[in-house]
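Below is the structure I would like to discuss, written out as structure tokens.
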Amino acid sequence: MSAEIKVTVWNEYLHELKDPAVAAVYPQGIHGAIAGFLGAEKDFSVRTAVLREPEHGLSEEVLAQTDVLIWWGHMAHDQVEDSIVDRVYQRVLEGMGLIVLHSGHFSKIFRKLMGTSCGLRWREAGEKERLWVVEQGHPIAQGLGHYFEIPQTEMYGERFDIPAPDTLVFISWYAGGEVFRSGCCYQRGQGKIFYFAPGHETYPIYHQKEVQQVIKNAVRWAKPVSGLPQPVDPFRPCPPLEKLD
Amino acid sequence: MSAEIKVTVWNEYLHELKDPAVAAVYPQGIHGAIAGFLGAEKDFSVRTAVLREPEHGLSEEVLAQTDVLIWWGHMAHDQVEDSIVDRVYQRVLEGMGLIVLHSGHFSKIFRKLMGTSCGLRWREAGEKERLWVVEQGHPIAQGLGHYFEIPQTEMYGERFDIPAPDTLVFISWYAGGEVFRSGCCYQRGQGKIFYFAPGHETYPIYHQKEVQQVIKNAVRWAKPVSGLPQPVDPFRPCPPLEKLD
Amino acid sequence: MSAEIKVTVWNEYLHELKDPAVAAVYPQGIHGAIAGFLGAEKDFSVRTAVLREPEHGLSEEVLAQTDVLIWWGHMAHDQVEDSIVDRVYQRVLEGMGLIVLHSGHFSKIFRKLMGTSCGLRWREAGEKERLWVVEQGHPIAQGLGHYFEIPQTEMYGERFDIPAPDTLVFISWYAGGEVFRSGCCYQRGQGKIFYFAPGHETYPIYHQKEVQQVIKNAVRWAKPVSGLPQPVDPFRPCPPLEKLD
Amino acid sequence: MSAEIKVTVWNEYLHELKDPAVAAVYPQGIHGAIAGFLGAEKDFSVRTAVLREPEHGLSEEVLAQTDVLIWWGHMAHDQVEDSIVDRVYQRVLEGMGLIVLHSGHFSKIFRKLMGTSCGLRWREAGEKERLWVVEQGHPIAQGLGHYFEIPQTEMYGERFDIPAPDTLVFISWYAGGEVFRSGCCYQRGQGKIFYFAPGHETYPIYHQKEVQQVIKNAVRWAKPVSGLPQPVDPFRPCPPLEKLD
């Protein structure tokens, strides 16, 4: 329990370079903003990685040193190499935590892990979102009240084509009339996955205290269990444990 | 409720052609055996399809006319074309039911829908399996008692690397000392999926009354809901339903 | 599958007698309105029962002849005898379906089956509710679109203190800013339970087509599985099924 | 995260006083054995309580100072006062963790929280039990391998009449031919509940390393989230958060 949690924040990092409006909100990139508030936690050790680095910054070494990976992508999901997606996928099944943010719902890695299209209803109108905590006793809800608001958001609405989450932590209300399962927990293999909806690139959502609290909580929840057993080789038969007639 | 349920039974159909011992158990192929007992139900309309047919027998037309697809494969999972897998996958998300049998746990379609490795522990020793019904009120358990036995089975044991099922209907006990989540229900997109473990090619398992009962129940459970709404185009924004300020 | 489903609609039936405004909306009582539209279905056989009848109209005989019980109560939850609650509870565990409507969230029977307080946030302001279908492939969602609206409703908001539903079918949006898990499926014992939020006594909600569709769908979904095995006596040991050393 | 977890171990403490065979296995009582190994953990602060103490040792003060309550009872479930059951129940809904062991499946508190009969199949034959870990990445499975064995156990078999657990961590295999969902997680209100099957009074099961590991893991998993919001009064309406027309 006492060891540092090693976090890697991955960002596509394209909007911030192309669009001055985005750069104004996130001058260090979205990954920089997230790494900033996570890095202030004593029990976290944080690094970043972006699409344009070799192997998208996600080498075998980096992933082997990652307890929890945070994923933000939007306009370049197709540019993420399948081999890197497979590598991340394998690590999640082996126990690495994965936190997928906002438009990451359409990333290759999230769709591969969910097994569904992950489509949703959406609209960019800067409307209000209110996130209701439906499991207040869940570790990811720690320190929040009954709800919190995001003054200006991109709307993400149902039906969200995901498997029903193992635990549904947040449901969002939008001024325009939709709802959304905006905080969803999954166990896949030995790894924990949390999808969290807030976070459009043109709004200062990752500067908001409650959003930061959720992501910090999610990192602590998603960290791997220690001492996992060696996997069984699925291509070899297992001898019986009891004597057969 | 009254219309016929259109079932397509898909089988790899290779073991039966290569191995006389298998052919002796399933002279019409495993698909033939399954189509045989399903075809005796008045509310089912049944056809079969096999790997060596063009498009593996799963053309757009066939799938469009399929309410529930049953899948049996083992030695040739890799020979199933990705384009056909994608077609089946799309149909499941649109509402077609899918029943995956036994070694189909390692089929491309099941792994794609589960998002996990679907690995498990196994052994061919002809040992006894006892399936315990843990949700007796579930439609798939209709007509069964507290448990039923398969005198000789291939052992499939935990840990089975699947997402926790939406509903767990059966847990198997094996003489050799293992347990298995042997009847698992999932909703993915608009489609229902049932994984059912029994069924090795060298044992007459699909000739057993209780196994046939489960598969018949599963077909009725997995049939699509009628009148599904047209999907929302995920690449177009949705106008607000309420007036925004 | 072909036999009639025997439905009993239970209503407290007090508001309608005391308040002319309620009587104007439901001149035959809420139970009468519900029995009316259910009775028009060919596969249903419908009766009603109310609080003021002997044994609240829920004698052993009536319950033994009930496949699905619908429950509407509000101002007199405490007047329901514990012995009758226990009788209904026992029947649900034995397989009888139970559909709990609106203010029935605070009924003795629902709280006993849920094991939680079933508290919620509420407000009577005649505001708009929009129910989003989050599992469109579920039998209870059959024939509905992506959402439907109730023009004037009592608001029921999160956090709703229930166990996470086995299947969450609807999430409601309210004009006043809340959300609600408004369609929740549970399996308890051999019985199926559906909680459905819409239905205040002063609004004509049970006259609305989509609400009627949901309740009809829920009856078909909640009907018992036939041929359930005799329960095991929990006070007697079971002999081993395998030879012990 | 760093504060001590306050654990109260509750035991009926009757078998040990009446039966020398039980006293020989648990000379300090079952509560003493459990408090012993828990007390060796630096992050736990442990006390015990037993049936024959005033208020069964579970005064308001004790419960207010309890983060996680462990429950062992068997022959005297009926002697636990309803008022104390209600007090424990209330505290669980407010966030206190509850770990129910073995024959506690039939305790008033567990049945009240589950909403089902909690019946099961059983036999005292000193047979072997093997617990398979079906969610190896769950915190309660930390440090365990693929399975562990209990050389002599009381058999508890399916069907176990519980709600499907939110997370199923262990499934047991028994030499006599049964299976059991032997490690079950639930969220109820703000509180976490873990049911763990092993532990008959005549076998030295709580002296076994793996069993102790599971209970220690479960305490850490079940501890309350800090900073929970004040509950909403369910008897007062809530004003709208948005302006209504």
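Letters A, B, C and D mark the chains as written, and numbering starts fresh at 1 in each.
Here, contacts are C-beta pairs under 8 Å (C-beta built on N, C-alpha and C of every residue); 3 or more make two chains touch, one makes a residue touch a chain.
Please read all numbers here as calculations on a predicted model, not as lab measurements.
By number of C-beta pairs in contact, B-C leads when B-D and B-C are compared. Because chain A and chain C carry the same sequence, their contact can be compared by residue number, and over half of the numbers here are used by both. Centroids of chain B and chain C (each the mean of its C-alpha atoms) stand 32 Å apart. Our note on geometry: chain B versus chain D, Cα centroid distance of 37 Å, whole angstroms.
Under the contact definition stated at the top, the residues of chain D that touch 2 or more other chains are 130, 133, 135-136, 146, 157, 159, 164, 166-167, 175, 177-178, 187, 189, 232, 241-242. Contact residues on chain B toward chain C in their complex (touch as defined above): 1, 43, 95, 130, 133, 135-139, 141-146, 166-167, 175, 187, 189-192, 220, 224-229, 232, 241-242. Those residues of chain B that touch chain D in the shared complex are 130, 132-136, 146, 157-160, 164, 167-168, 171-174, 177-179, 181. Against chain B, in their complex, chain A makes its touches with residues 93, 106, 112-117, 119-125, 127, 155, 157, 159, 161, 163-164, 166, 175-178, 186-189, 231-232, 234, 237-242, 244-245.
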